[in-house]
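Letters are used for the chains, namely A, B and C, taken in the order the chains are written, and counting of residues starts over at 1 for each.
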Amino acid sequence: MKLKNPLLMATIAAAVPGFGFAQEAGVNASTDSVFIFNSLLFLIGGFLVFWMAAGFAMLEGGLVRSKNVTMQMTKNIALFSLAAIFYYLIGYNLMYPLGSWSIGADETGGYLGAFGPAVMEAVGVTSDAADDYGYASTGSDFFFQLMFCAATASIVSGALAERIKLWPFLVFTIILTGIIYPIQASWKWGGGFLDSQWGFLDFAGSTVVHSVGGWAALAGAIILGPRLGKYKDGRVNPMPGSNLQMATLGTFILWLGWFGFNGGSQLAMGTVGDVADISRIFANTNAAAAGGAVAALIMTQIMYKKPDLTMILNGALAGLVSITAEPLTPTLGSATLIGAVGGVIVVFAVPFLDKMKIDDVVGAIPVHLFAGIWGTMAVLLTNSDATFMGQLGPIIIVGVFVFVVSLVVWVVLKGVMGIRVSEEAEINGLDTTELGMEAYPDFSKG
Amino acid sequence: MKLKNPLLMATIAAAVPGFGFAQEAGVNASTDSVFIFNSLLFLIGGFLVFWMAAGFAMLEGGLVRSKNVTMQMTKNIALFSLAAIFYYLIGYNLMYPLGSWSIGADETGGYLGAFGPAVMEAVGVTSDAADDYGYASTGSDFFFQLMFCAATASIVSGALAERIKLWPFLVFTIILTGIIYPIQASWKWGGGFLDSQWGFLDFAGSTVVHSVGGWAALAGAIILGPRLGKYKDGRVNPMPGSNLQMATLGTFILWLGWFGFNGGSQLAMGTVGDVADISRIFANTNAAAAGGAVAALIMTQIMYKKPDLTMILNGALAGLVSITAEPLTPTLGSATLIGAVGGVIVVFAVPFLDKMKIDDVVGAIPVHLFAGIWGTMAVLLTNSDATFMGQLGPIIIVGVFVFVVSLVVWVVLKGVMGIRVSEEAEINGLDTTELGMEAYPDFSKG
Amino acid sequence: MKLKNPLLMATIAAAVPGFGFAQEAGVNASTDSVFIFNSLLFLIGGFLVFWMAAGFAMLEGGLVRSKNVTMQMTKNIALFSLAAIFYYLIGYNLMYPLGSWSIGADETGGYLGAFGPAVMEAVGVTSDAADDYGYASTGSDFFFQLMFCAATASIVSGALAERIKLWPFLVFTIILTGIIYPIQASWKWGGGFLDSQWGFLDFAGSTVVHSVGGWAALAGAIILGPRLGKYKDGRVNPMPGSNLQMATLGTFILWLGWFGFNGGSQLAMGTVGDVADISRIFANTNAAAAGGAVAALIMTQIMYKKPDLTMILNGALAGLVSITAEPLTPTLGSATLIGAVGGVIVVFAVPFLDKMKIDDVVGAIPVHLFAGIWGTMAVLLTNSDATFMGQLGPIIIVGVFVFVVSLVVWVVLKGVMGIRVSEEAEINGLDTTELGMEAYPDFSKG
């Protein structure tokens, strides 16, 4: 039965007054409360991050054309469900080996975690039998961490929409959530070599979560190629989303879920310092999203003379990704500016990708990869514990690992089962051709 | 002033260390905390289950045709509001008589609870004046329990959509939420005969909530008859839902709300064991939903060569219903499999109902009744306290009671006021004919 | 570094047993818990009220015509983002001067608060360095209060939809959220003259939040004028909303968020009395919404022979606004009735405004202003501390201040930059003409 890495435990022991004492003295009301508060944080944070799965689905469904909405919904609910199963079967212990590395060790650097399904504490566990009485319940930790893993796959589904086949996408999802994500996450959050050797700082995962989804999506977009007619005669052909109110809803859902994403990543709520930190994180997360949205609003007004709603939505999301690597140390003003830079990045990165003829349907790569890199480097601005190479090195290491492995997987999937639907299916829409079910059967198409 | 049943109180007293001591010693910081944690669980759980009302509305609105969406929205917001009023006026004390049974007694078996409106604790209540200082606030309990009651009615509204008249449906809602649901719920959760005599185990209500909604819907569907043209010349005529992205949103909302539904049903969060149990429940609830969705995905791929999104959505919901009777004792693997069986049930039950010419617009009966029965029996697989007859008997008793009473009510309503709209109204849609208001007035109908 | 007003602190000190003692004795587990519970209440309440921003966006987007949905989404996400920035830069300390009034004093009456951006507590703050160890973290308070401020602007955006230019609307938003709202809020919640001199009672802001949005909207609607063709040849021309399922979703979101709005306004959760009060508030808030919805359902059935969904939705919201000034002291029955009166008000106020040729697209003025006034006066029914003039006086003072200042701002904006789009833009829709982006590009317009 395994839980969290010991280094993390040591940090918490140092941070929680009376933590060591309580463990020695046995049952203690105060430590009970710390355990309850910490577990509660994971549960609240976890259901908020779960909600992001709905946010991705609404955003992506709103940004694809109406003929592909049923497929996008199918992908999103299936990817989340498969992530839940394979993170349980493989991912969780691969990510949190608790020192039992298959390759490496805490001291010299862990590289590959432990294998085996996740196991929760016994029903009605008592304090002396709890996996880590001084910290939080294993079930709450599993629940919280699973949601992060699933978010990675949701990022990919948006970028590759409207042309990828369902089943190869789902096979990739299984590999991503069961293997790729957990391995690289173990390097940092499992106490592996990026944590112990590089001193990498990535509070809630600008790199560990968002850039990973972005790299996997980039690899997929390159192998898959752009949608038919997207880049024609040297021009970029806009393919507007079918329902911008849904896309806006998705953005609001993601924004809400992000309070759990970043706030829950404080990983403890049982002390004055922890809850005050979580409060800072909530406020900063909100400030960064606002900064990103306003930056995109102003930039698109200046550049195109008209504000662009999809850019504003992606600007808010880029602001959120940007603050994710360090939502705690910035002031409200710094957080707003860090987010604003994320919003500016999106406004330039979307046309840049189009120039490269990389077709990212919802803007996932600018938002999650580019703003993720920015956010990871921005830790240097407000956290003096961060070093330039300690940030840049892991960005590159994680990027190379995820991009190369993803590329190989996509190429193999392409060779073995094919990853792209037929031209006819793409033109007529995946909903009728691949699924035989329209998302909006009652409405005439324009 | 009444709160919860005494048997439950005794259970909690046994489970909370120092509970008895604290009561004797008067004010005690630790018991204060337990009271706060327990009440907080009800509040968080309650708002999550409230959110399920929105989930049902979105799911059902997405699965009816566009000409009936305004009516479906009207029904859903009205049924929730009426449930709130009549559960307050009648239901709450009928469900929780605290030993003051109108018919029966705790010892010999309670059959009919107490009459009178719900009363909350005084403003700014102190620990010595609290209804049950060792447990939780009455207002939080009322808030939480009300949401379960309302869920029952939401289940019915989906099955009977697109042809039932508004007002008779609302009259049925009042009877269901004010009388039928509370009476049978008192048999188990109020400490009545199913609890004290049969040893029935139903953690969060696979039977007490979901099958009840399902039985009431089944009775209604039989009396009401299928939609015009649904079964014609021996064939089943598909009537696809108007907005599958909305239906997907509804499913995600329900999934989210279910964490409160099952997690809150632990009924206590003030100890290490309770919060660890809630964590198990959150993780298992999620696993079961994932299992149900994946099972329906695979089954429809195999059976129809194409995945069916509405089946996948209902598969996830069936997985959730399946785990609701026992979300605590299964391992993550067992929970996934229990949910998967629920998903398989739905895939077979939907065409089975069609063969029986029972027209259930959204699949509510397969999801809530059939998977509810499965979930209640599945308690036997992981909880050694459950007995075969202790599960099957109450399933039948509750089923016969709810089905027969509902049938009588539907027949009476049919005779007295008529329950079905005119053929013309059904063909043209309930929105324009019954309400004079289209849900999507700007869009051309296909 | 400033936090909350001292009067409030004194109230809390009186209400929290052992509060003073704990401060004298230094670190104390019990006070730690109170600090954590209080901060947690603000965080949970805050994210729920954040969610209301999405609710307003969905409601308003569903109630405007499809040609203006992109614009409505743009306005809603932009207004929230700007509110976040300007409440941080100006609003927070203007609202909570902690006795450092620019004009006035706590004793004689505060009129204008302090200037300067909000500052949160240090990272990892310890109990002895916390801004107010006996209460809650500053970041959590800022997060919570910001969401209320933003709600005010969301109210305005609905009333003025479909004809106002984006940028003047956003300039007004900045003035409203940075200056107008905080100044009048300081009069009550910052311990200013309405609190100390008038004894005004407004628990969660029927007047301080909702009527403020309503007055600002009313001033705007008068200066802006009705939509083209709305009032023609003495008749009111209905302009039905484009998506009533979205509008229903928005209402459910707002209803959910209101538990945080009213419940969080208890401002403390660390004692038995506080959590029991929050529970009462949750239950009463729900009851009032139900009462408002059912009242509108019955009234529209009686008056028009057909229930009107948009009235029912607005009835629920009016019920929520009505209970906001005093969600604690009413019984469940009183709360239901107070909400029901709100629902009745809406049914009469919507045609009344049309008779006055004031064009309020979504019914924001009836819901937030008229029901807000009702709710503020209704405090007299259940709270014996309220006085007639202590309620009516502040309603008038706040109303005159907000209405007059808003009117001046709107007139200046009209003169300086123009506030209304061209006739052509209005007829063709703001989405294509002002933004070049349709919300539903795939669907034929009816």
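Operating definition for what follows: contacts are C-beta pairs under 8 Å (C-beta built on N, C-alpha and C of every residue); 3 or more make two chains touch, one makes a residue touch a chain.
Since we're looking at a predicted model, the values are computed, not measured.
Novice: Once chain B is fitted to chain C on CA atoms, what angle does the rotation have, in steps of 5 degrees?
Specialist: Fitting chain B to chain C on C-alpha positions yields an angle of 120 degrees.
Novice: Taking all residue numbers at the chain A to chain C contact, is the shared part over half or under half, that is, same or different?
Specialist: Result for this pair: different.
Novice: Taking the mean of the CA coordinates per chain, how far is chain A from chain C in Å?
Specialist: That pair's centroid distance is 32 Å.
Novice: Residues touching two or more other chains, restricted to chain C: which are they?
Specialist: In chain C, 29, 33, 44, 243, 249, 440, 443-445 touch at least two other chains.
Novice: Which residues of chain B touch chain C once you look at their complex with the stated criterion?
Specialist: Residues of chain B touching chain C: 27, 29, 32-33, 35-36, 39-40, 42-44, 46-47, 50-51, 53-54, 57-58, 61-62, 69-70, 73-74, 76-78, 80-82, 84-85, 88, 117-121, 123-127, 130, 133, 137-143, 146, 166, 243, 246, 249, 434-445.
Novice: Hey, which residues of chain B end up touching chain A in the complex?
Specialist: Residues 15, 17-18, 29-30, 33, 37, 44, 48, 65-67, 240-245, 248-249, 251-253, 255-256, 259, 263, 269-273, 275-283, 286-287, 289-291, 293-294, 297, 306-310, 312-313, 316, 328-329, 331-333, 336, 440, 443-446 of chain B touch chain A in their complex.
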